[in-house]
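Order of writing sets the labels: A, B and C. Residues in every chain begin at 1.
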Amino acid sequence: MLAVNELSKSYDQEAMSLKDISMEIEKGEITVIIGPSGAGKTTLLRSLNQLIKDDQGEILIDGLDVRTLNRSKMRQMRRKIGMVFQNYNLIEPLTVLENVLHGTLGGKPTLLGILSIYSDKEQQEALALIKEMGLEEFAFKQCKDLSGGQKQRVGIARALMKHPQIILCDEPVASLDPKSATLVMDILRSLAIEKKMTIVVTLHQVELAKEYADHIIGLRAGSVVFDGPSSALDVAAIRTIYD
Amino acid sequence: MEQRAVIESQVRVRAKKKRRLNRRKLTINSVLTVLGILTIYTLATIVPAHFKVIEAVNEFMGNLKIMFLSPNVGNDTFSKLLSALGQSIYLAGLTTIAGAFGGFVMALLSANNLAPRWLSQIMKSLMASIRAIPTILWVLIYSVSLGLGADAAVIGLTFHSVAYLAKVFANSIEELPQDTIEALKVGGIGILPIIAQAVIPTVKSRLLSWTFIRFEINFANAVVVGAAAGAGGIGYQLYMASSFYFDFHEVGMIIYLILAFTFGLELVSRRLRAKFIEA
Amino acid sequence: MNQSAHQFFRHRNYRLLLLITEIVVLYLAAAALTGFNSSAWLATDKGIIWLAQNFIPNANSLQYMPDILAQLWQTFLIAVAAASCAAVIAVVLGMLGAQNVGLSKWKVGWLIRGFASVMRNIPIVAWAMILLFSFKQNELTGFLALLFMNIGFLTRAFLETFEDFDVKKMEAIQTTGATYTTSVVQAMLPETAVPLIEWLLYMIENNIRDATLVGLLTGTGIGFIFDLYFKSLQYGAAGMVVVSIAVLVIFLEISSNRIGRLIR
């Protein structure tokens, strides 16, 4: 589904850069990227949809190198990828429904986008997703009145609106309390199992990673130091990543 | 070993903070000294030779007394003064609406999280240059090509409003996190839908309160323009009463009218400010 | 539930349409009442083109430069002096009036607020005209007009700055046995110095613009020579005045930004 070959990215400072990263990510699996802060987790994740342009290497999605795509192909490719953020990036004064419908704006003609004209089908689908996320009573509430966990679920619903095959989650639970974090991770797991989506998550909690990941990638100072199933992540492996 | 490194870094941080505090103190002191010297020099030289200050002050106090204690409508009628006040209010309203539109467009072009860097820089400098030229001069400049009157007054006042609102609107827009905009851009959303769907809903209430504040400023400007560029309204009445008829009773009445209106505005704007800008 | 989504969007579109209609109606009404002809917007470019053609300073207008610079310097001095004197008065009034400081035994807060409001809201035109009558055509008139307006503006600004100050910070100094007044001066003034100076610098910058206007009305300073050149159709020289005012204001804006960055 998604393959990275010898990807490198350098910054002026050592932190956050990537060195010769190679990995394979399978469809229908949750892949968790762990590592100390500054190890390059976010850089790697953002390279996958070219939010960060990398210096060299290859990123193959369905066999297509995303680094060589032109603008319109890039847009098509990005439509296949949903993204979920640590700080949700919702438009707080708008309602949950409107924020979820923002997920459809990417494929819309500009004028319809400006006037926020959504088809019946889109509205139905948005409401169904909101229900699925357990937020139906909040559909017409402003996002600023929601709790962090609820906001993150709105963020996931927005990402799902464009029917992505891949969902990239950048520290999705870092700002949440443990209970909300579990809820959000449960949702991600069900997306992988039931909808066969490819899910890539950066996390800094090793326990959560072990519990939810099918596949764990450990980064340290920009290099992959662990790559395997979560059952293989033992104390020694954790040491190599964090110490 | 590690302990030592920690202590050393703490020492460095403290030294840096101290340097900053010293620099701050030095700057504040030198600014105040320079301003103090300039002020003393000015005060020492400003009173013309043989000028009878006491007499002037007495006369001034006498006039203030006439104005504030015995106001009347003088040569005009009360309804005429009221309609002149209305004229100034309409002028302020018109230029505020036009200024808010122009200002919003200019703000989009100068906000550094929406516009490219070069464009934002150019627009910000352009707006700063327009702001630097006093409103009254803009009105006079336009009065040459449009003639003295409402047209020149409206365009001149709008010019300054656009430049002012462009700056404060852009500041509000720039508070919208870059991440949020980026998140939408990644979804393949064009810049116009982002403005309509993300920027406007987020900054709407702030823009409204800034627009209201500009309305207060524009009212003051409308009075000024009426007096100094003959554009009518309460400012023109004020000018006539004070420099043509020398009727301080009427000046007093006009000032009371203006104060009544501005106090009302101030009450509203204090509420808006508390609600939107400082929150 | 889908029904309510329809309702939601319909209601939102309705409100948006209403808002747009209201604004358009307001605009048209105001335009009609002021006698403004909306086609004048099309002439916006004419003004600028005209400005560029006539106001571009040329060799001929450069000969006026010494006069202009002398007046500009005078205007700058008056702007500084008016703002600085007003600042001194405003610091005292602000401290007396700030409720959290509670320096004065009587409740003078509302009185000071009211006074500041009156001083600020009396149009500077009115100050200029009234003063002109008693103080005649000289720079003192302009200085006083700016001073009165500045006192109103800065008193309110300072008073609000003081009220934002956390009075608990004064306790440390009070424990040394200092009197209350001393501790206010020792603790609050240094802590609030940065915003106070920023307000003062803004006031100076604004005074340059207002001084132009006052000069125009009272026949003094930079406003007067602009009027002189402008009315005698010496547009090149008038253009020089405009440019030099703009340069001075921008210079002040940049310097106050610099100073702001140094002291923050």
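One rule holds for everything that comes next: a contact is a pair of C-beta atoms (placed from the backbone, for glycine too) under 8 Å apart; a residue touches a chain by one contact, two chains touch by 3 or more.
The structure displayed is predicted, hence computed values, not measured ones.
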**Message:** Per-chain Cα mean versus the mean over all protein Cα atoms: which chain has them closest together?
**Reply:** B
**Message:** When I count C-beta pairs in contact, which pair ends up with more: A-C or A-B?
**Reply:** A-B
**chain B and chain C: spacing of chain centres that average the CA atoms, whole Å** = 6
**Complete:** Taking each chain's mean CA coordinate, chain A and chain C are separated, in whole Å, by 49
**Fill in**
Averaging C-alpha coordinates per chain, one finds the centres of chain A and chain B separated by a number of Å equal to 45
**Message:** Multi-chain contacts only, two chains or more: what residues does chain A have there?
**Reply:** 116
**Touching residues (chain side chain A, partner chain C) in the complex** = 95, 97, 116, 118, 120, 123-124, 126-127, 131, 136, 139-140
**Fill in**
The answer for chain C against chain B in the complex is residues 23, 26-27, 29-31, 33-37, 40-41, 43-44, 46-47, 50-51, 55, 77-78, 80-81, 84-85, 117-118, 121-126, 129-136, 138-140, 143, 193-194, 197, 200-201, 209-210, 212-213, 216-217, 226, 230, 242, 245-247, 249-250, 253, 259, 262-264
**Request:** Going by the contact rule at the top, pick out the chain A residues touching chain B in the complex.
**Result:** 49, 51, 75, 78-79, 83, 85, 87, 89-94, 98, 102-103, 105-108, 110, 113-116, 162
**Request:** Please give the residue numbers of chain B that touch chain A in the complex, ascending.
**Result:** 177, 179-180, 182-184, 186-190, 192-193, 195-198, 201-202, 204
**Request:** Please name which positions on chain B make contact with chain C in the complex.
**Result:** 23-24, 27-28, 31-32, 35-36, 38-39, 41-43, 46-48, 51, 56-57, 59-60, 63-64, 67, 86-87, 90-91, 93-94, 97-98, 128-129, 131-137, 140-142, 144-146, 149-151, 153-155, 220, 223-224, 227-228, 235, 238-239, 242-243, 246, 248, 251, 254-255, 258-259, 262-263, 266
